[in-house]
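A, B, C, D, E and F label the chains in the order they appear, each numbered from 1.
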Amino acid sequence: MGSEIQIAMYMTVILSLYINISICMYGVISKPNLIKKLISLTILQDSINMFLILIGYRLWRPGIVLQPPVLLDWSPTSEVLKQFLERAVDPLPQALVLTAIVIGLAVNIFLITVILHTYRHFGTVDMDEIGRLKRVVIVEETA
Amino acid sequence: MNMDVELINWIVIIIGQILITIGVFCDFVAALLMIRFPNFYIRLHALTIGSIGGAVVPAVGAALIAIGSPFLGTFRWFLAGGALVVALFIFILGGAGSHAIARATYRAKIVEYRPCYIDQLAEDIGEDGC
Amino acid sequence: MLELADLIFIMLGISALLSVPATILAVISRDLLKALIFSALQSTMYTLMFFLLMAPDIVLVYIAVSIGFMSLLIILIIKKVGRYERY
Amino acid sequence: MESWVINFLTIAMFFYIASFLLYIVRLLKGPTISDMVLAIDALGYDLAAFLIILSILFRNPILIPCSIVLTLWIYALDIYVAKYLEAKEMSE
Amino acid sequence: MRRLLRALPIILFSFLLYLLYSGSIRIYDIVTGIVVSIIIGIVMAPIVIENWRKSLDLYRFFYLIKYIIVYFFIYEVKSHLNVIRIGLSPSMSIRPGIVRVPIRSRSGYALTLVSLSITNTPGTIVIDVDEGKNVLYVNWIYVTTVKPEEVYREVAENFDANAQKIFD
Amino acid sequence: MKGTRARDIIFITLIIFAITILAIPTLLGALSSIPPIDLRTIAINYLNNTYNPFNQTLWTSSPEAVAAIVWDYRGLDTLFETVVFYSAIVAALALYREILGEKDILKGKGLSVIVQRATAVSMVGILVVGFATILHGQLTPGGGFQGGAIAAVTSVIAIVVFSRLIIDKSRLSYKRLLLIRNAALVGIALIAIIPIIPFMFGDHTFLSFIFQNQVKAVNSFSYPQIIVDVPMGGSIWFYNLFEGLAVITAFSLAIIVVFYSEELSRKTIEGGEIGF
């Protein structure tokens, strides 16, 4: 009985992550404001990272409390190692996501400097507005 | 000897549980008051209840419980130290943060100070108080 | 009778469900500062989820990045560019 | 002793979750920016205390650094918004 | 060497914090703690330290500890009960106001301690501070009086006296 | 306005479609059993070998599996990710190259004195927590990336609370930060190369590979396993330290640059005509 609740909740989490991802894609594509695009992009990154971590999780068995993949006993016997293997979650997605988040931040800083330069150049960060400005200039040049 | 250690552990755990009970009560009340109070300047008091009564006190309580629970292993000192550091940080930063946000809100005139019994800050700045 | 495991999964579900309205409001609200605070709420919910998924390493780096850095950078850029979206 | 502590903390957990939901109601309702920041502040500080309790419940003491970090950055959000409302330029 | 001496209070504080955070006193923690706290002390000294001679006075630490105990067991409890009573009563009788509280503490840290003490007791929040006139503006949930001396006695006297002993 | 509404409706339809498309394979079990009951084989291998004193040809001598994977099992991967990280920061700096290291003309005074003093005390705390996270990276959750990200927020908070003048007042000027960052990068490279140095200088019997940490079946090179009285994880400790310093300084530099006042920053796009 307990396991059914767990599976239903796990499905809820996955479904809401799908909803988040789709909404963020809508934000990235459809919103004309560059800052709104940036906010949507960060949430999109987070959701995908969350998805990776979620896949590394496992079902709780009765009588076992899960633990992060850190061994606390520094002179382990083989019994301790076996127990560790039963309780720890998957460390590989965590290692991948760890670097992904930091690199995502560095890339975001770069994006922000680009947005600031765009603003200094055009006086606006609205993509529709920028496109209109460019069209006006092209018409002036050709005329 | 062993009995003594056991007894001390029990005493520490009971004190910790009392503190956590106080914390849970304060936390719940703070959440209620956050809904109930009419405007920003009065909700600030609810934030103080939430951060001191609802976070510092249970953090200290959790530290005491961790000290008295041998089933957590030797790393329980790590937990206790971390919980005390959390309590210290919340004490310093909670007050500073609520002061900063209150000052900025007052200066930017986002929220009107109403209801108002007396406003001596406005008098000193040179605006008409309430 | 609920066990601890069920409670943990229920909390996971609740926090995931709460992150959905936060995301929606962050994407559709025209006041960019409000959008930022909704995305901070979403970050907090994700933090709780990372914690419950037993990934303390990720929590450490994720909070610092998403609340410590990104919110500052976005506030900075909002300050320079303007607070309201045009439409 | 172990089951006594665990049961007690499990009951405390429910109250924490209830108050989180109330804070989130205030956050979604909050008429101004300041109210929303206030709500997320209270949410963050209580979440920090809650994470300590959870790490006792999980019997995993090494989960504690998360709580410290959460405390620090919630304060950071506070002062960012204060600075935004107060100064003309962020680096001023 | 003199630079190190100036940074001594920060070094001690950060070393203590490091050990508290590590939660153990193995040799590794002590050695790395000393190195880290010396580096942090030298980097942070010009920002944090106001007057390094005062901070090495043991009596002040004694007063600080005594103050913390008294503060948490008396003032906090009293004001928490007060505000919870006001908030949960059905009529919710509030009379909010911002009052002027002149205080006697001078130095930056003493001012900070007084303000944090006032802010961290529910019912009173420091809204603004005037350093020139040494005046705090306090947002008070139930204003009982507006006379300066009585306001000082109600809101700030205990904190102010202790802060003067500790930091001034 | 009418156009946007039509666009929104199209997008909402597409979103619902996308969610359905994604949800169907999930329900059918494309991600294997949900939630996974057992670990994958690769995870079992990693967890089994990370700190396993009985099998010293495969272990990393670090009890923390995440740090071991980041800096030992998949070390080369992380090195290239570090390169990407540097490139992004360098690109961000390059956009401001006209004004790098210049003094700003702002005369700010920051937030109120209470916030300033409270922040000054807590900044010490943040730095301590960050460095403790870095230095205990092989024992408890933490490491270079995490500790660096924590400690880097110190500079952010300092600039916000004390105004930009704090950069001139403190001892960490632009050039020193740049120096530390480059030194840290060189340190990472050096630690990675040390195992193959004997091979490079003609000792062809000494077979070893780049990013090697502990002793392997083919050779006998090994970084130390124990530092004073705790497990050290060999090279993982060094990598954590250097990566932490690199992350702190790189993010501080980026933040300092982004925080230039608008008047000064406009210098960077002067010269070119205001056009497209």
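The rule we apply is simple: a residue touches a chain if its C-beta (ideal position, glycine included) is under 8 Å from a C-beta of that chain, and two chains touch if they have at least 3 such contacts.
In this text, all values refer to a predicted model and were calculated from it rather than measured experimentally.
Undergrad: Moving only from a chain to one it touches, give the least number of moves from subunit A to subunit E.
TA: Shortest path length, in steps: 2.
Undergrad: Of the pairs C-D and B-E, which shows more C-beta pairs in contact?
TA: Higher C-beta contact count between the two pairs: B-E.
Undergrad: Hey, how far is the Cα centre of subunit B from the one of subunit C, in Å?
TA: Centre-to-centre distance between subunit B and subunit C: 22 Å.
Undergrad: Using mean C-alpha positions as chain centres, tell me how far subunit B is from subunit F in Å, no decimals.
TA: The separation of the two C-alpha centroids amounts to 33 Å.
Undergrad: Between subunit A and subunit C, what is the separation of their C-alpha centroids in Å?
TA: Roughly 11 Å, centre to centre.
Undergrad: If you average the CA atoms of subunit C and of subunit F, how far apart do the two points sit, in angstrom?
TA: The mean C-alpha positions of subunit C and subunit F differ by 21 Å.
Undergrad: Listing for subunit D: what residues touch at least two other chains?
TA: Residues 33, 37, 58-60, 62-63, 65, 68-69, 72-76, 79-84, 86, 89-90 of subunit D touch two or more partner chains.
Undergrad: Where in subunit E do residues touch two or more other chains at once?
TA: In subunit E, the residues touching two or more other chains are 17, 21-22, 115-116, 126, 128.
Undergrad: When you check subunit B against every other chain, which residues touch at least two of them?
TA: Counting only residues that touch two or more other chains, subunit B contributes 32, 44, 46, 51, 73, 75, 78-79, 82, 85, 89, 92-96, 98-100, 103, 107.
Undergrad: Under the definition above, what is the set of subunit D residues touching subunit F in their complex?
TA: Listed in rising order, the residues are 62-63, 65, 68-69, 72-73, 75-76, 79-80, 82-83, 86-87, 89-92.
Undergrad: Of all residues in subunit D, which touch subunit A in the complex?
TA: Spelled out, the residues of subunit D in touch with subunit A are 58-60, 62-63.
Undergrad: What residues on subunit E touch subunit B, complex-wise?
TA: Residues of subunit E touching subunit B: 17, 19-24, 76, 80, 83-84, 87-88, 92, 94-100, 115-116, 119-123, 125-128, 130, 135, 137, 139, 141, 143, 146.
Undergrad: Considering only the defined contacts, which subunit B positions touch subunit E in the complex?
TA: It is residues 26, 29, 32-33, 36-37, 41-42, 44-46, 48-49, 51-53, 74-75, 77-82, 84-85, 91-92, 94-96, 98-99, 102-103, 106-107, 113, 115-122, 124 of subunit B that touch subunit E.
Undergrad: Which bits of subunit A are touching subunit F when the two form their complex?
TA: 6-7, 10-11, 14-15, 18-19, 21-23, 25-26, 29-30, 55-59, 68-72, 74-76, 78, 81, 84-85, 88-92, 94-95, 98-99, 101-103, 105-107, 109-110, 112-114, 116-117, 120-122, 133-134, 137
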